[in-house]
Amino acid sequence: MTHESIFSGFGGQGVLTMGMLLGYAGIIEDKEVTWMPSYGPEMRGGTANCITIVSDKLISSPIISTFDTVVALNQPSVDKFEEKVRVGGNMIFDVANIINVPTRKDINIYAVPGSDISIKLKNTKVLNMIMLGAFIGITDIIKVETIWKALEQVLPERYHKLIPLNQEAFMAGMDAVKK
Amino acid sequence: MAKVKGDIVIDLEICKGCELCISVCPEDTLGLGNKINVKGYRYIAKVNDNCTGCSNCAIICPDSVFTVYRMKLN
Amino acid sequence: MTENLIIQEDNLVWNKPSTLLDVPMHYCPGCGHSTVHRILMEVVEELGIADRTIGVAPVGCSVFAYHYLNVDMQQAAHGRACAVATGIKRVHPDKIVFTYQGDGDLAAIGTAETIHAANRGENITVIFINNGIYGMTSGQMAPTSLAGMQTTTSPFGRDVQTMGYPMKISEMLAMLPGVSFVTRQAVHKPALVRKAKKSIRQALEYNIKGMGFSLVEIVSNCPSNLKMTPIESNIFVENKMIPFYELGDIKVPSEVL
Amino acid sequence: MADKKLMKGNEALAEAMIRAGCDAYFGYPITPQSEVLEYLAREATNRTGMVVLQAESEVAAVNMIYGAAGAGARVMTTSSSPGMSLMMEGVSYIASAELPCLFANVNRGGPGLGTIQPSQADYFQSVKGGGHGDYKMFVLAPSSVQEMVDFVKLGFDVADKYRTPVMILADGAIGQMMEKVVLFEQMPRPDKNAKTWATTGRADRPVRNYITSLHIQAEKMEEINMRLQAKYRDMEENEVRYQAIDIDDADYILTGFGLGARIAMRAMEMGREKGYKIGLIRPITLFPFPTKIFEEVGSKVKGILDVEMNCGQMVEDVRLSVEGRCPVKFYGRTGGVIPSPEEILEKFEEYFIK
Amino acid sequence: MADKKLMKGNEALAEAMIRAGCDAYFGYPITPQSEVLEYLAREATNRTGMVVLQAESEVAAVNMIYGAAGAGARVMTTSSSPGMSLMMEGVSYIASAELPCLFANVNRGGPGLGTIQPSQADYFQSVKGGGHGDYKMFVLAPSSVQEMVDFVKLGFDVADKYRTPVMILADGAIGQMMEKVVLFEQMPRPDKNAKTWATTGRADRPVRNYITSLHIQAEKMEEINMRLQAKYRDMEENEVRYQAIDIDDADYILTGFGLGARIAMRAMEMGREKGYKIGLIRPITLFPFPTKIFEEVGSKVKGILDVEMNCGQMVEDVRLSVEGRCPVKFYGRTGGVIPSPEEILEKFEEYFIK
Amino acid sequence: MTENLIIQEDNLVWNKPSTLLDVPMHYCPGCGHSTVHRILMEVVEELGIADRTIGVAPVGCSVFAYHYLNVDMQQAAHGRACAVATGIKRVHPDKIVFTYQGDGDLAAIGTAETIHAANRGENITVIFINNGIYGMTSGQMAPTSLAGMQTTTSPFGRDVQTMGYPMKISEMLAMLPGVSFVTRQAVHKPALVRKAKKSIRQALEYNIKGMGFSLVEIVSNCPSNLKMTPIESNIFVENKMIPFYELGDIKVPSEVL
Amino acid sequence: MTHESIFSGFGGQGVLTMGMLLGYAGIIEDKEVTWMPSYGPEMRGGTANCITIVSDKLISSPIISTFDTVVALNQPSVDKFEEKVRVGGNMIFDVANIINVPTRKDINIYAVPGSDISIKLKNTKVLNMIMLGAFIGITDIIKVETIWKALEQVLPERYHKLIPLNQEAFMAGMDAVKK
Amino acid sequence: MAKVKGDIVIDLEICKGCELCISVCPEDTLGLGNKINVKGYRYIAKVNDNCTGCSNCAIICPDSVFTVYRMKLN
């Protein structure tokens, strides 16, 4: 199994963390992982993305130009990456603020009400967990329990109290695409 | 009653929602709105009509969001 | 309605200076860089020197100053703004030349260039933003970081014994006979902004008169790297920075003493 | 038990430095490698007592390295392109005084202030000598986070063996990306009084030691140069490293270093799927350059395509090795742009298939 | 009336600078080129109003050059090897920002502090790019005091034509020796407000000018690089200069640059006396390198011997041109030692005759 | 004969310190570098620290100090001695580390390294020879050259307006909290030599005690480049240099004040 | 005509000036000239030499290893350069302080009492002019009047009063080898 | 009459003839000789026997040419 994905959005939306969590989880399940961020000059407000590859075999290039799955958290990301989804692949996006929705017919398109869910959860910071839940719900490349383990690894001890909230968000995202 | 009356024009697209203007307005005229501009920031809005045109907001605003007008009332 | 009466040309009391280009600045919300850009350009506008002013941008958050300031500008290598300004001023003695620099740029890597330009009495004006941290590269310790201050490269606080003391470079520069004017100001309150602007005006006036090297230090914030809201960061400036970096004129030309 | 982790290249490098028993790191922040200093500031001193110091500039940092290396310590600095340029005088001094130490340049797009995106355009500077005079660094080009770890250890060993500066030339992407790494165990810090030539204080040595690169008699300076050159020839004989994949049946060779090679590898896989017999050679040591293998394949294959993230630098060394035996083509992206496997394959087809 | 004089290389260079209407010189003393600054300090300002400033360091000097060149002035700096290394960041900035200006490196023996005797070991630094990123300087190698004069004028012209930094790579001996020179007439200082892109103060231009080498979008930075590369290709087409002597009937070619070529010329004379059909090619522009002529002779002659005052640097460019068409041998002395015509001829015989 | 009686071990009152290697020094006749080398080594001998002292030589006339001083030594790139010393001291905190630098080396190209080592309070001692000129490269202007002084690069005299003012770097360094001891001495008279030696001893004692950065400036001569006889050059030091560079302690540790 | 010579001695003895004067004179007579100093690190006391070539045609290498004439002002120079004189060439040296005198039979050896003459002239600084006189007396490659013109060029105006003394020294050297 | 008597040993090969010692000797004991050492310098010599061993010469001599002895006369 090899799954090549990109997570993209505004800086500050936590897109790098999404890929990172997936990466940590991959390691826990003893897979090969590469996580490649795009990095920009601005402290805040710029766009950011990361390519995350999880695979059972050695990964050659960590940089690729087409993807099995794209997760897009803002309009520029939808615009830029729709065409980069491989035929039969997935385009997952947060519907909030998206005016031009993806239109391709040869890919699976998932419009997730991520922002709305986050507002319901009273914490807009968990949007990325919601979207990651959707991602796992769709691709099923990592076990949910592994994500929990990865969360523990990634979050510093003092933030572990936030794990339940993150789990709730993740599950809500997963549910949203299972319906 | 104030002898001068002021008003401001807000260039909402360049506001970054830093809230510094709110903290220096003696008339509590400013507050953060709930909408987000193209750059992704919640931007500033007038919340009352008490502006005296003191320009504190304009002077503290890093991003020159305001244009300030002031008129003597006779 | 009243508003229509008020909002008209005649009643205008404040607007953006024409010397500031009409583009949004990339600085973080609440960052003092933007404020200082504006007051600097207000002064340039008021003095009517925009057409004969050449600015030098540093490496640091203000590297892009040339995108905002509507005067001819050069971007200098990290720390070398004063050398670049020297090069410009020497071949254009009739132009007004200034540099705009952060504390890492001016007081770490650029120490020698700053001190020697000052010592030569180069007739340039330095706008020096002391925010006590490296902004652009994400929060490393600056020469000006306060004792005990946590930064990404002093995660347990700046230990002055091993990492050095917060440097008062303005005081050092003031010792040099080539230097005409050194002052330390801030921009986190409207009154201070007005004061800082006055100082910049003074500096540029001395510059125009050919009185030698002038420097305006602005003690400022860096909310992003202090990991504070802009308002909190300004409180930090007020309560932590300014007690150490006291505001006021450090050196004024003897004739105006 | 092997210590398996997902780590950022820069942090893995820093972790390896601690584990390799490094005595001191001197550096100055610059994107995209500031994490090295930051990681060390958090981790190093508490764990091994290693000295970590933020210098006032790259010029200062390289000269601190010079001092500490001359005093017998295991030391390293890192920077990125403009910062590396500022170190060139120091590098030349270190090479001339034959001091073992380790550099890493996490290469960003140039020239000038350029961009902070990844690049490989400092190949010439690292390999041909950006500083003055006839000297070489031993240059290692990692293409994975794992190699960021491994080459720290290897680098220190080679540095000590040859008393020479070693450069890890990584591109920004390798510094910033995360991959699985297996970390070696913590090594003890070597005895810094053990190097008999080092300036550790005279102690009971009968004569003082001194470190210099000044030899005012030209003949003496030439002798030093002859010794350096002999050392470089030694390295050329004993230290060449490269990775070769599927070259035995290959009609064509793709080559590149670092991240460029990883991407080329993907292009090769794609090409093989299309039926092209492509092999890959990835020079690991840029100096000493794997000349022989290119000489060999040069006589056998129909063409070589070299892929770099610059305007064509290593390609000169490839051509110098091949010496006209087969066509050597070049494809590069520069200024921080990363080529995609697809465009590489396309170029390959353009040059050799169509 | 031609102004014929016996002059030291360094002083001739300085005199030419004044006569070429140079606006400003910024430099820092270093042997063997301090006479340049000293001569200018005595002569320049009184004669043309030219600015002469002793900077606090080479780092400062190169950045003053950057500033003044960006502001439209005709400017120059000079240094020698270690000082040149310190300028590498600045050179990369200047190349990237496309500022016309002139450098001279009066090369001494390295690496490190080395020796103050003449050397050519900074070839790689000048030609391949000692600074970071994909850039080139236009590099001229004078072999006589006369060329120290002529290349100042040529250098300024090329710098302005291509908006590029130009390097005069002279060795210490050419700086120190005296020869007859014919000086060109004093030229007026060009109008420094004439360059429309320069930061001369906005005046009545509708938009400000700015000079930068920062392009944070990799694609934009790549564009800049593409423009630079196009310019370098232009130079390769239009600006190649070399001297060829007796190559038509030659069985063998001696080559070298600067002083090395002068000495090789003597060896050639001696060889011709012994009946060997030797010709000589002296690259005058090191970048752009005279590739074609070497390609041509490479197919005709039995061998090429390249003589340099280093451990073998230009020889790589000769080999890249010849691409195996004939054997290319190298003979070098280094660290400040100057080869004699006799030893060159001996080496020639060893390689090709015996 | 009397002589035989006098010249014997018991009556020895002065001889060359064992810490000075037994080779003639390359310095010009009458050059203060040689004198300072000697008194520095006398102190090192008296303190019994030769076996744990590491020195750093600059680029300048004293570049060859390692040929004369019988302690472990490194030769540093021009201006970088304080950075090199920092590197050494940080990995050998138990050793005594000093630099020996000329004015061009320390106060021109090495400004930043000197100031930042001082600001970090690096526990090193700097012996700083201020002879007001570049010796090794044949008489160019130094940052310390006096106003109006003729040098090969200021042939019409140092014009402070364009070439900068003579720099009192010791006074600048003394401002920094990391600095424990700064003094200015001279060696052109026997009494001054004794005094200078005492200062060097003090500096090294503070160094041994770990009190931070210490610096001994020696105002000295350069007969060759002043184009004077040694005696004339010493008169120049006395009459021209010292009135500007006043001798005496500039900063002493507070505890001994 | 091409004459290739080297002038060698202690720094401070004015050997560089000897070659320089010859060079200036060469230019006045419209010949080609190269003058190549060896330069050393020490301000004073080191040894110095300069190769001076005067020729009617273009000069290829300014650096050569054998000479038509060697002028040596101290023992190290005699030792070093005796073997570099071409067969039939000239070795001219100041006898003072020379213990090991040149012994070759295939060259012309001139032992000039330069220092003694200089003491007679009450100015040891003119040793170089005496030896240059000897050089011209022997080689005759430049006219004496041209040397006078060169002297005027080389000496700054304020030292022109010293020209007669220098001329006297030069002629004394010339006489010394004519006897 | 002096109560102490001194003497000096001169390492003439390392003397550079700078004459600084001459200028500081209170007894005028030192003078430049007429001979030249291997380095080409006229070197210092004792010109009288008045040395008191005050060591001024040794302290001022840059090149450590002197060794100084001193003896109390009883």
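Some notes on this structure:
Order as written gives the chain letters A, B, C, D, E, F, G and H; numbering starts at 1 within each chain.
Everything below uses one rule, namely that contacts are C-beta pairs under 8 Å (C-beta built on N, C-alpha and C of every residue); 3 or more make two chains touch, one makes a residue touch a chain.
Please read these numbers as outputs of a predicted model, since none were measured by experiment.
Note on connectivity: the fewest steps through touching chains from chain C to chain G is 2.
Taken together, chain C and chain E share the touching chains D, F. Minimum number of contact steps separating chain E from chain H: 2. Across the assembly, the mean Cα position most removed from that of chain D is the one of H. Separating the centre of chain A from that of chain G, both taken as means of CA atoms, is a distance of 85 Å. Mean C-alpha position of chain B lies 86 Å from that of chain H. Between the Cα centres of chain C and chain F there is a gap of 37 Å.
Separating the centre of chain B from that of chain E, both taken as means of CA atoms, is a distance of 60 Å. The multi-chain contact residues of chain H, meaning those touching 2 or more other chains, are 39, 41. Among all residues of chain D, those that touch two or more other chains are 31, 53, 56-57, 59, 82, 89, 93, 97, 113, 116-117, 212-214, 216, 338.
For chain G, residues that reach two or more other chains under the stated contact definition are 40-41, 45. Residue ranges on chain E touching chain G, taken from their complex, read 4-6, 31-32, 116-117, 172-173, 176-180, 259, 262-263, 265-269, 338, 340-342. On the side of chain C, the complex with chain D involves touching residues 59, 63, 75, 77-79, 104, 108-109, 111, 134, 136-138, 140-141, 143, 152-155, 162-163. Here chain E touches chain F in the complex through residues 28-31, 34, 37-38, 41-42, 53-54, 56-59, 82, 113, going by the rule given at the top. By the touch criterion given at the top, residues 2-3, 5-8, 11-16, 20, 24-25, 27-35, 38, 188-190, 193-194, 223, 229-231, 234 of chain F touch chain H in their complex. In the complex of the two chains, the chain F residues touching chain C come out as 108-112, 115-116, 119-121, 143, 160-165, 167-168, 171-172, 175-178.
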